[in-house]
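Read from first to last, the chains carry the letters A, B, C and D; within each, the first residue is number 1.
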Amino acid sequence: MRLYNLSYFIRESFESIFKHRFMSFAALSVITACLLLMGSFTLVVVNIENMLKDIEDKNEIIAYVKLDYTYDQATALEGKIREIDDISELEFITKERALQDFKEKKKELKDLLDYIDEDNPLRYRYRLKIHDIRDTETVARKLGRIEGIDKVGARSDITDRIIRVRDVVTAICVVLIAILFLVSIFIISNTVNLTIFNRREEIAIMKMVGATDGFVRFPFIIEGLILGIGGAVLSLLLQWGIYEYIASLVAKSIPFFSIISFSDILHRLALIFFGTGILVGGLGSAITLRKFLKV
Amino acid sequence: MVRMLDVCKVYENGTPALAGINLRIDEGEFVFLVGSSASGKSTIVKILTSEIKMTSGRAIVNGRNLNRLKPSEVPKLRRTLGVVFQDFRLIEKKTVYENVAFAMRAVGAAPRIIKKRVPYVLKLVGLENKQKSFPYELSGGEQQRVAVARAIVNNPSMIIADEPTGNLDPKMSLDIMVLLDKINSLGTTVLVVTHERELVDSFSKRVVAIDNGRIISDRTGGYYQNEII
Amino acid sequence: MVRMLDVCKVYENGTPALAGINLRIDEGEFVFLVGSSASGKSTIVKILTSEIKMTSGRAIVNGRNLNRLKPSEVPKLRRTLGVVFQDFRLIEKKTVYENVAFAMRAVGAAPRIIKKRVPYVLKLVGLENKQKSFPYELSGGEQQRVAVARAIVNNPSMIIADEPTGNLDPKMSLDIMVLLDKINSLGTTVLVVTHERELVDSFSKRVVAIDNGRIISDRTGGYYQNEII
Amino acid sequence: MRLYNLSYFIRESFESIFKHRFMSFAALSVITACLLLMGSFTLVVVNIENMLKDIEDKNEIIAYVKLDYTYDQATALEGKIREIDDISELEFITKERALQDFKEKKKELKDLLDYIDEDNPLRYRYRLKIHDIRDTETVARKLGRIEGIDKVGARSDITDRIIRVRDVVTAICVVLIAILFLVSIFIISNTVNLTIFNRREEIAIMKMVGATDGFVRFPFIIEGLILGIGGAVLSLLLQWGIYEYIASLVAKSIPFFSIISFSDILHRLALIFFGTGILVGGLGSAITLRKFLKV
C-alpha cells in the first residue's frame, strides 16, 4: 500500500466519523455504556472475591498438645508442624494464655474460672492458618498423625460452608459475567452492524466505481478502531470516577470491609476495555462489511 | 470493447429483460443504444459492468470474460470502464470534488495528479463552482454532470453512459455529447444510452435499437429520421 | 392556483437560486416551466410544495398563504397537490401498488375506492403488469411513471411535475403529456417542468422560461421555435 | 380515526417489521438482551437481600434475669417483656438448659463444669428475636428498664455490622441497578433511533405526499410496541430457563442457601420487562420520530 493511501485512509476515517456523527455518536456511546457495564460488574465481582478471601483468612486450625506434655515438649513440636506444606501462619499458645483468652471471652464465668487458676485444665496449643482453605482436612489429618498432638480443632463444617459459598458465588459471577460479556459484545456489534447497514449504498457505489474490497474496508476498520478505542478511554475514565466515589462511600460506612484500590485493577480493566473495544470496533466492522461488499 | 453472444437475462422475480443479445462493439467505436422504456437498455449496462449476472450467453468486456470473472477481478474490470449510472449514484456524504476524486483514488492515482485532474474535469462539465457542494445541494442536471465527470476522470478505455442527459437542457446535452465525441476521437470506446432523438440524429453514429430485450436495428446514422411516430 | 410575488431564495450555503420571481397561474391553466440546468426550476417547485422556505417574497398556493403556513397545515396543502419529483422519491420497501395506494391512504380515502382507483391509474401510465414490483425492480422510465401515477391518483386540484419524462422515450413522453393535458381539460391546474423542446413545441401552451433565477419569457405556444442554438 | 385506518396501521406495522427484518432483528435482540441483563441483575439482588434477611433472622437478644430470682419470679417477667413492640419470638430458658447448652458448646470444659452442677452459677434468661434488626438497641434499652432483668446481651457490634453491610450492599445494588437500567434504556432507545434514522427517507417521502405526522407515526409506534412486547416475552422466557438452571445448581451445592422461587418474583419481573419494553419501544419510537417528521 502506498503511503499516501494510508494518510488518505486515516483522514477519511476521521472525516467519516464526523460526517456520520449521528451514527458515530450512537456507536461510541453504546460501546462506552457496554464497557461500563462490564467494568462495573467485574469490579463488584473482584471485590466480592476479595471479601471471601478475607473471611477465609480468619479461618484457623487449632492443634491441641497432649495434656501431659511439658512446655518444652510442646514447643518442640513446632518443627514437625512446620514440615506440613500449605501452612501460612503458626502460633504457639501457652495454657495460661488460653485460659486468659477464655476468661475474657466468657466474663460471665470469670468468678468460677478464677479459682481453677492453679489447676489449669487447658492444654498447650498451636493456632495455624493455611494458604488454601480447601486443604483444611488434609492438614488436620497430617497434624493428627504427629506424635504429641492430641486433638485437632478444625471447624471443617464452617470451612466447608465457606468453600461451598465461595464456589457458588464464583460460579454465579462467572456465569453472569459471561452473559454480560456476550450481551455487550452482541450489542456493540449490533450497533456497528446497524451503522454499516446504514451506509450500504455508499459502499455499493464505491465498489461500482472500481474500488477493491480492501480499499473500501480499510477506512471503515480504522473508523471502528477509533470508536472502539475512544469508547474504551471514555468508559475507563467514567469507571474510575464512579468507582472512587462508591469506594469512598463504602469506606465511610463499613470501614471493616476492605475495598480494592482502583489502581490495583486498572491494568486488568484496561486490558478488557481496550481488548473489547478494538476487537468489536475493528474486527466487528471488518466482519460486518463482508456482507455489504458483495456488489 | 464488447462482445455479447446470445446474452439472456431473466430477473429473480421472473421478469424477462434480455432475450438473446448479440452485440459487438470494437475498440474506439461510438455507439448509441436506444429503445423504449423497459426494453432492457439498463440491463445491458448492468451486465457489462458486472453489477448483475446474465442468465445465459457469453460476454467479454475489455478483454475480460464475464462468465469466468472472479469476485476479486471485478474491481479490475470496473477500473477500465467509466460509467454514468441512470440514477447517478453519487456518494451523499462526499462533496462533488470528493465524489470525483474518490474514483481516482480507487484506481490508485497519486494525490498530486488527482489535485490537478479533478478540477479540470469538473470544468469540462461546467461545475467549476460547485466543487465543495454536496449532492443534495445540486440541481438534477448538476448531479448528472457530476456523474459524467466521474465517468471520464480516469481516462477509462470505455465509457458507458446510461441516459447521461435526461436532466439536461438541449444546449447542455449537446455540450456533453460533443465532449464524449471528443473523448471518443482520442481512442476511447463510448456507449451512450439515450432517449433524446434530436441528439442521436445530430451525430452520425452507429445506433443500436432494442425492443423487448432484442436488438431490432443496428445501423449507422439518423436512426429516428426514418421513423414515423 | 399559484401567486408568487418577488420570491427570492438563497440556499443555506449561500447559493442564490431565485432572484425575484413573479408568477401567476390561474385555476385550470397548463403551464410549461423551462430553463437551463440550475436555473431554479426545481427550487420553485420545492417552494410551492413547502419543502423549502423562500428567503423573501410572498406566495399563495391553492388559496393557502405559504408565508403564514403552520406546520400542521403543510399536509393539508400537499393533499391539494400532485407532485412528480425530479428524483421520483418512491418508497423503496413498498411495491408499486403500495406506493400509489399510500398517497390515497394519506388523504383518508376508503379502501374500497383505493382498490379500484390504483390499478386504473397504473394502467393509464402503462404499468398494469408491475403492480407487485418494488421500485428497485423497475427500469428508470417505469419508476418515473409510478411517480406520475402517484401524482394524479388523488385527483389533486393542481399537478406539479418536475421533469416527468426525462427517462422516457419520445413516444411515451408524448403519451404522458397527453394524459396530463386530458386531466387539465377536466379542470386541474398543471405545471410541468421540462427540458424536452419537441414536447413543448408540440403543445400550444403557456411557456414560462427562467434563467438564473429570473423569469425571462412568458408567452403562449412554441417557445423553442423562435430560438436558435 | 376511521376503523379501516386502524386495521391498515396494524397490518402495515407487521409488514414493516418483516420488510426491515435486518433492523427489526437488531432491535428485538437488543431489547431482549438488555432486559435479560436487567432481569439477571434484579434476580441476583433479590436473592442477596433475601440472604441478608436470613442472617438477620439468626440474630438474637438475650435478656438475663437477676441471679436471685426464683423460677416463678423469672417466668412472671414474660408478660412485661411481651409488652415491648417489635418482638417476633420469645423463649424462656432455665438455668439448667443454659448450663446444658454451655457444656455442649464447650465439651473441653465438661469435666470441670460437671462438678458445679449443684451450684449452677448461670441465670434464667429470655432469648428473643425482633422484627427489625435496626431496633436492637431500643429493645435492649427497654428490656434493661424492666425490674428483674439484670443484663441484656445484644451483640450490637455484630448487629451493627450486619446493618451496615446490608445498607452498603443495598446501596451498591441500587446504584448498579440504576446504572444498568439507564444504560439498557439508553442502548435500546439508541437502537430504535438507528432503525428510524435508517428510514428517514421513507418518512420524508410519506410527508411529501401529504401524510400527517400522526399518520406516519402511528405504524412506527405500533411497530415499536410489538418489538418491545416481543422482546419482553422472549427475555422473560429466557430468564426463566436460566434462573431455574442456576437455582438447581445452587440448590445442589449449597443447600443451606435458600433461593427465591421464580414464581415469587415473576410478577415483579414481568412488570419491569413489559414496562420497559412498552415504554422504550413505543414511546421511544414516538420521541425519535419527531426529529425526522419535520419535513
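To be clear about the criterion, a residue touches a chain if its C-beta (ideal position, glycine included) is under 8 Å from a C-beta of that chain, and two chains touch if they have at least 3 such contacts.
Keep in mind the model is a prediction, meaning the values are calculated, not measured.
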Each chain counted as touching chain B and chain C at once: none
Centre-to-centre distance between chain C and chain A (centres being mean Cα positions), rounded to whole Å: 67
Chain A and chain D, separation of their C-alpha mean positions in angstrom: 24
Inter-chain centre distance, chain C versus chain D - centres from mean C-alpha coordinates, in Å: 63
Multi-chain contact sites of chain D, meaning residues that touch two or more partners: none
Overall pattern in which the protein chains touch one another (line/ring/star/complete/other): ring
Pairs of chains, among all present, that meet the touch criterion: A-B, A-D, B-C, C-D
Touching residues on chain A, where the partner in the complex is chain D: 22-23, 26, 29-30, 33-34, 36-37, 40-41, 44, 108-109, 111-112, 116, 121-122, 161, 164-165, 167-168, 171-172, 175-176, 179-180, 183, 186-187, 190-191, 193-195, 197-198, 242, 246, 249-250, 253-254, 256-257
Chain A partner contacts - residues on chain B that touch it in the complex: 49, 51, 71-72, 74-76, 78-79, 81, 83, 85, 89-93, 102-103, 105-108, 110-111, 150, 154
Interface residues, chain C side, partner chain B - complex: 11, 13, 15, 34-38, 41-42, 86-87, 133, 137-142, 145, 162-163, 166-174, 195-198, 224, 229
Chain B-touching residues of chain A, taken from the complex the two chains share: 2, 4-5, 8, 16, 19-20, 201-202, 204-213, 215, 294-295
